[in-house]
Amino acid sequence: MGYLGLNDLIKRALEEDVGYGDITTYHLIPREQRARGLFVAKTPGIVAGIKVSRAVFNHIDTASEFEIIKRDGEEIQAGDVIAMVRGSARTLLTGERVALNFLQRLSGIATKTHRLVEMIASSHAQILDTRKTTPGLRVLEKYAVRIGGGRNHRYGLFDGAMIKDNHIRAVGSITKAVATLREKIPITVKIEVEVETLEQLREALEAQADIIMLDNMDVTMIKQAVQAAAGRAILEASGGINESNLVEVAGTGVDFISIGALTHSAPSLDISFDFGEANL
Amino acid sequence: MGYLGLNDLIKRALEEDVGYGDITTYHLIPREQRARGLFVAKTPGIVAGIKVSRAVFNHIDTASEFEIIKRDGEEIQAGDVIAMVRGSARTLLTGERVALNFLQRLSGIATKTHRLVEMIASSHAQILDTRKTTPGLRVLEKYAVRIGGGRNHRYGLFDGAMIKDNHIRAVGSITKAVATLREKIPITVKIEVEVETLEQLREALEAQADIIMLDNMDVTMIKQAVQAAAGRAILEASGGINESNLVEVAGTGVDFISIGALTHSAPSLDISFDFGEANL
Amino acid sequence: MGYLGLNDLIKRALEEDVGYGDITTYHLIPREQRARGLFVAKTPGIVAGIKVSRAVFNHIDTASEFEIIKRDGEEIQAGDVIAMVRGSARTLLTGERVALNFLQRLSGIATKTHRLVEMIASSHAQILDTRKTTPGLRVLEKYAVRIGGGRNHRYGLFDGAMIKDNHIRAVGSITKAVATLREKIPITVKIEVEVETLEQLREALEAQADIIMLDNMDVTMIKQAVQAAAGRAILEASGGINESNLVEVAGTGVDFISIGALTHSAPSLDISFDFGEANL
Amino acid sequence: MGYLGLNDLIKRALEEDVGYGDITTYHLIPREQRARGLFVAKTPGIVAGIKVSRAVFNHIDTASEFEIIKRDGEEIQAGDVIAMVRGSARTLLTGERVALNFLQRLSGIATKTHRLVEMIASSHAQILDTRKTTPGLRVLEKYAVRIGGGRNHRYGLFDGAMIKDNHIRAVGSITKAVATLREKIPITVKIEVEVETLEQLREALEAQADIIMLDNMDVTMIKQAVQAAAGRAILEASGGINESNLVEVAGTGVDFISIGALTHSAPSLDISFDFGEANL
Amino acid sequence: MGYLGLNDLIKRALEEDVGYGDITTYHLIPREQRARGLFVAKTPGIVAGIKVSRAVFNHIDTASEFEIIKRDGEEIQAGDVIAMVRGSARTLLTGERVALNFLQRLSGIATKTHRLVEMIASSHAQILDTRKTTPGLRVLEKYAVRIGGGRNHRYGLFDGAMIKDNHIRAVGSITKAVATLREKIPITVKIEVEVETLEQLREALEAQADIIMLDNMDVTMIKQAVQAAAGRAILEASGGINESNLVEVAGTGVDFISIGALTHSAPSLDISFDFGEANL
Amino acid sequence: MGYLGLNDLIKRALEEDVGYGDITTYHLIPREQRARGLFVAKTPGIVAGIKVSRAVFNHIDTASEFEIIKRDGEEIQAGDVIAMVRGSARTLLTGERVALNFLQRLSGIATKTHRLVEMIASSHAQILDTRKTTPGLRVLEKYAVRIGGGRNHRYGLFDGAMIKDNHIRAVGSITKAVATLREKIPITVKIEVEVETLEQLREALEAQADIIMLDNMDVTMIKQAVQAAAGRAILEASGGINESNLVEVAGTGVDFISIGALTHSAPSLDISFDFGEANL
C-alpha cells in the first residue's frame, strides 16, 4: 500500500498481544520445529490486507515465507485458501491472532464496501468513506474501502477543507468562508461546503466551492440540488444513507454518497488459520 | 480505567486525524472564540469510554472543561445528553471526530455485551471476551466489555497459558503439556486447555488444568462436559455461539461463554456531537 | 499554529542540545536564582516562530513566563525587543540556544518570503513554497512562508497529486494519467501536471488538470501559456526563478511562482538573547 | 558517520514527506517497473551526506542499489554525477526529494566551510562551528563542517563546559567558576571561559581554563590576547567574523575562529536528480 | 527469549553509550579493518543473556558473526570462552561495553539464583523472584532468574492479583477482597493474599485464594501455616530470607520462597572481552 | 538533576510494571480514598534519587504531594523517614514499587561510593566511575556516584576520547593516535590514553595526552608513574582495585581511581514504604 508507517502499526499490535512473551508456545514448542498455516475463508467476501498479515509474520521472523493465493480485491468463497505461511512453528502460533485481527477487519470493510458498490453499479454515483474510522487504523481502513471499490474522502483535517455551519457562522457567510480559505490553505487542496438548504447550495456554487456536501437531504431535495448545481461542483450526499435507501439516492445523479458505517460498523469477515505440519 | 498508556493512544489518534493542522478551523475560527458541545445519544445503549473522550479534548487543550452526565455503564436513551464539553471553539471542532470515534466504538461494544449478558442473566454463565480485538485498542475494548457486564479472558499471550492442539501434539499429551507449563510459567497465571472431546476433557481434568475450553462442542456435549468436570475446573464454551444459541448454551451449566463478536463485530453506537455557542 | 506535533519537535531539539545535562549551568547557577531574557532583533525583518520559542522554555519549566511583544508577521527593526521571558536562571540559560535556533531560522524564512512578496505586490501572482524544506521542520517552515505572505504548495506526497514526466511516460499520456488519478485519489485533493511545452499544456487543459506547473519556461513561453489556459486551470511557474527575474515572471499573469530557496537557502535572521537579572 | 540515530532521522523525514502515501506514484507507476536515478551537481562544491541519501532509499526498500561516485569531501563541478541509484521506480520517485533535501543542505554547509577554510589555509587558525544548527540535524551538520575541513566545537551543553558572564556573575569570579567546575564535571571534558577584556583573559589564564573564547574582540585586541596567553590556553575568536575580516583575524595567531553562519546560513548546494529508465 | 521488545532495549542502551558517535574508534580504526572478540569468564558462574550480547552487535552491524559457545544456563569456569564475535573492528570496539553490561548483569543474577536453588535442591521449595528489578530490564532479569533455576512471580501489577493489608482494610475483609476480585479480574489470573497471622491464613484459605504469601513469618509459624493449609493453596514465604536461613525455611514444606535480592543486589559476573585480530 | 529525559525513563518503568493496569488496586481501592506513604530507611546509608521517586508519583497523578525530608547526599540511619507522599491511595499503591526500585538502587550506589570516598579522604585521590552501568540508567547512576562524593568519567563514547591498545595498534603509535584525534574530535573534549608500561606512559606524556590511565598496574608501578608524570597529565589508576587495596593505591599520589563495581555491583539500600491513612 506504499505506507511507510505500517511497520510501527504492526509492532504496536504485536507488543499489545505478545507482551513479554507467548508463555504457552515458548515453553512447549521446540525452537526448531517448523510448520505451515493456511488462511481459509469461512464465508464469502473480498480479501483486503493480506500483505499486512504477511508483514506480521515477517516482523516476528524475517525468515517466514508467505505465499499470497488470493490478492487484495479478489472475491473469495467459503473454503478458499487465501494465503499460506511457512516458518518456525513458534512464529506461526505467536503471530496468528494479530495477523487474523488485521485481515478479518480489513476484509470485512472491503466486503461491505463492495456490496454497496455493486448495489449502485449502474448509477453514476460512487461510494465514499468518512473519518469515522478506528483510531490508529485509518490508513488501513481507507485502503480497504478502495479495495472494495469505494472512494476515499479526505484522510484527515489537513488534506481537505470542510466548511460546516459552525465555520460559516464564525465568518459570517459561505461566500466569505470559501474566499478566506482560498487565500490560506495549500493550493493543492479542495474546499468543500456542507449545506442543508438549496439556498445555501446556491451560495456555495456562487462561491465556487469545489465540493458541496448535501447534509441529510431527502431524495427529492438531492434531485433538486443536482439540477441546481448542473455540474458546477462535485456533489456529495451524506447522512442517514444505508442499504435501504442507497439505490434511490444513487438514482438522483449525485456524484458521491458517503457512508460512515463502511468503517465504523462493518463486521469482521470470518477467516480461520489452519495450523499444520510443515510438509503438509 | 487506571491505564497509563491512554495518553499515547489519544496522541496517535489525534496525529492521525489532525496531521499538520485542521486547515478549515484554524483559518476560519478566531482563536478566542469559545463554544460548548453536547454528546447526544441517537439510539439506546450503554455508555463506555466517556473519559477517553474527555482525555481527547484535554490533550488538545488542558483548559477544556468536560462534564460527564452519563457515566460509563449507564443505560442511555435516544436524546440523552451524555456529556458536555466547554472550551475553545477550535479545540472542540478539531477534537470532535476523534472523541466520537472512541466513544461510539466503545459504547457499541458495551451495548452489545450488555444485551448478551441480559439474555443469560438468570443462568450461572458469564459472557467472556477474546483476543479478537482491534489492533491497538485492546485495553479499551476489554474495558468496554467489562462495562457491559462481561468478563475478560487473558489480555494477551503473556497473562494466561492456553494449550491448543498444536501445543499438545508438540509435547505428546495434555498431561505433559500442563506439567511442563506448571514448572515454567509465572506462578500467578492459570493454565487453560482447549479440548474437543470428552476424553481430552478427562485428561485435562486429571492434569489439573485450571480452565478447560470446550471448543466448538454442541449443547449436548457441553452438558456432558459440565457433569464430567463436576466443578474440578472452570469450563469455558467457545466457538459458534451467537444470539441464536446463547441461552441454550448458558443453560448447560458452563461457567463462561466466550464470544469474539463482542469486540470484532459490534456496530458503533450512534452518538452525535452538537456544537453550539458557549453560553447555551 | 494548531500543530499538535510541536511538542515532540521541541523535545527532540532540547534532547539534542542538552543531552544528559547543561553541565556548566547546573553546577554554577543556584537552583533558586531567577532571571529575565530579552529577544532583541539585530537586523530588520519579519518575526516568525515566537510561540515556538515560548514552547521551548515551557518545555523545560512550565513556570516560565513568556511575554510576546512582536507577534508573528510583524516587521521589526534592529534593536526591537521581540519577546521577554522570565523564570529560573537555569531554564533561561539552558533553553536560550534552542529557542534562538528556531526563531532565527523561521524569521529568516519569513523575512525572505516577505521581501519577494513585496516585490510582486502589484501583480496578480503569489509566491509559493516547495517541498525543499529542512528534514523534520517542514510544518514550521511552511508556516513561516505563510507568515511572510507566501502561499503553501502541498505539504507532502499525500495531499496533492503531481504528475511529472516519469509518471506520464509510465502511463502513456497526460490524459490517461489525470483520468487514472481522478478515479483513485481522495476526492478532496487536486491534480497538478508538470508541463514543459505548450502542447503538453494543451493536453493538460483538455484533461482538466486542476493545476498546471510550467516547468523552467522562459517569460515568453509563460505568457503564451497564460493566454492558452485562459483561466481554465491554475498556473504555477517553477524553476530558475529568483530575485533577478521574479518581477518579470510575475508580470506574465501566472497565478503562482514557486521558489525553493524560500526554505532551503534563507539565511537566519540575526536575533540575540540578552540575559539579565530578574528585576531588570 | 558512525551515527546510530541516523535511521530514526530518516524515518521521520520520510514520514513527514510521504505521510500516508505518495498518491501520484502509487497509482501511476507499476509496482514492478524499475528505474535508475543520477544525482548531478549543478554548481561546483563539496559533497557531504551522500550516505544519508543512500540510507533514504534503503529505508524505503532494502533492495535499492546505490553507487557512490563522489565521496564525501570530494570537490565536484557542475555536471558531475555524484551517485547513481537503481531500484523500483516507485522507490526512486518517492525518496528523491528527501534524499536531495539532506544532500543539498549538507553539501551546502561543507561547501561554505571549505571556502572559509581555504581562505585561511596559510594561517595557524582553524574554522570552528557552533551550536547554531538546525534543530534535529546537529549531528549531520557538524559532520558536514568536518567534511568541509572545519573543526567541531562542543556538540551540546553536555560535552564541554562554557563559562559565560552570567555564570561568572552568579559565582563571583572566573577563578571560582573554573575551580567549581573542575571539581564537578566529568574529568574528560574541558572548561572554556568567555572573556571580553584582557583583564578577564588574564584571570582565566590564571585559573587554568582549557580554552578561552575572545568574545567580539577586534583584531588588535585579539593579537594582544594571543601574546598574553602565550600558549597557556587554547584561544577561540568569536563574534562578528565573516568572509570580509576572516583572513585578518586568522592572522592574529588565534587557534580557532568560530562562525555560526557555517550552519545557520549556508545556502543549499544545487543538485538535481535525473530519473531515467533502468537500463540507461 | 521470545521477547519482541528486545530490539528497543538494545537501541536505547546503545544510544546511551554511543550518543553521536564513538569518537575514538571512528577516527582511529579504518572502516575496513576486521577483528574478532572473545567473551571470557574471569570467575565461575552461570551464563545468561548471551543472545542479548549477540543482538547488540547485530544492531550495530547486521553483518557481525556471533558464535555462542556456552549457552544460557551452562556453568562456566574462569578462563572459559563463552562466545566469539567476528566483524568490523569498529563494530566490536563500539559495542563491547554495552554487550558486556547486559551479559555481566544477567549472568550475575543467574549465578546468584543458581547458588540459592542448589542450596535447597533436596527440598520441595522453589526460589521465586519479585518485582524488585532494575527499571527497564524486568523481562531480562526475570529471564535470568529462570535460567538460574528460579521461578517467576507475576511480571507486574497486571498478571497476578496480590491482596495486601491495605487492600483488605479498604474492602473490609480478606473474604470480601477475594470475592470481589474473582468477579472482576481476567479469569486466567490467580489471586494471592498476603497474610501475617495464622488467623488471616485461615480466612484466606476459606476464601479459596489461589496463593497465600506468608509475610515475614518465622520458621515455626511457616511450619504451622503449611500444616493448616494442607495443600489447599500454594504457599509462598517472603521477607527477611537470605542465604543464612534459606535452608531452614525450605525445610518447612512451603512451596515457594521469594527473594528480592536475586535481582536487586546480585553482583555482576566478571567477564572480559578479548579483542584481537580477525584471523586469530 | 537537570535531566530532561527523566520523564521518559519513568514512563517506561511504570509501563513495565503497571502494564494495562494494577488489577488489584483498581478493583479494591475506591477512587476517592486518600492515603500517605513514608519512605523509611531500614539500614544506614546515603540517600540518592529522592526526586526520581517524587517524579514517579507525579507521573501517575500530578496532584500527588511529595515532601522530601532527607535530601540527596544526606546520611540516614535505620528508622529515618526519608520522604512522605500524600495523595490518592490508588496512586500510592500503584507507584510504590517503581519509586522504591529507583530509590534503593541509586541510594545503594551513593552509599557504596561514599564508603570508598571516606576511606581515602585523607589522600589526594578521587573515586571515579566507569561505563559499567545498568543499560538505560547511566545518567541516574552517574548522578548517584556524584551524590556519594565520587567523580564522573566520560558519560559515553562521545564525550571523551579513550585510546586503548587496539586503537594504538591500528594507527601505529600512541604519538600518532593522540595527534590524529587532536585534529579530529571536538576541541572541548580531552584525550586519554590507556597504558600498561612506563615506556608507554612516557610516550603518552610526550604526546601531551590530557589523561593517562594506568591499566592494572601494581602499587609500585603506579608510584613510579606518578613520579614520571610529575603533573604533566592527569593520572587514573584502573583495574583490580577494591576495598582491600584502595587505600594503598590512593597513597601513590595518583589523581583518580576508577572502580566499576560502584555501579555494576552495589547492593540496593534497604528502604521500605509504609502505607497508611491520609491523616496519620
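Lettered A, B, C, D, E and F in written order, each chain numbered from 1.
The definition used in the following text is that contacts are C-beta pairs under 8 Å (C-beta built on N, C-alpha and C of every residue); 3 or more make two chains touch, one makes a residue touch a chain.
No experiment lies behind these values; they were computed from the predicted model shown.
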*Set of chains adjacent to chain B and to chain D*: A, C, E, F
*Thinking of C-F, which of B-E, B-C or D-F forms a repeat of its interface, with over half the contact pairs identical?*
B-C
_Chain pair showing more contacts of the two, D-E and B-E_ = B-E
_More than half overlap in residue numbers between the two sides of the chain D-chain F interface, or less? Answer same or different._
same
*Identity of the chain that, by mean CA position, is farthest from chain A*: F
*In angstrom, rounded to a whole number, how far apart do the mean CA points of chain E and chain F lie?*
22
*Rounded Å distance, chain A centre to chain E centre (Cα mean)*: 44
*How many Å are there between the centre of chain A and the centre of chain C, using C-alpha atoms for each centre?*
33
*Contacts with 2+ other chains: residues of chain A*: 18-22, 25, 94, 138-139, 155, 158-159, 161, 184-186, 189
*Please list, in label order, each pair of chains that touches.*
A-B, A-C, A-D, A-E, B-C, B-E, B-F, C-D, C-F, D-E, D-F, E-F
*asked:* List the residues on chain D that touch chain A in their complex, please.
replied: 11, 14-15, 18-22, 25-26, 60, 90, 94
*So in the complex, which bits of chain F are touching chain D?*
128, 146, 151-155, 158-161, 184-190, 192, 210-211, 234, 236, 256
_In the complex with chain D, residue positions of chain C that touch it_ = 9, 12-13, 16-25, 27-30, 33, 35, 89, 93-94, 97-98, 100-102, 104-105, 108, 131-139, 155-159, 161-164, 166-167, 170-171, 177, 180-181, 184-186, 189, 261, 264-265, 267-268, 275
*State the interface residues of chain D toward chain E in the complex, per the touch definition above.*
1-5, 138-139, 142, 155
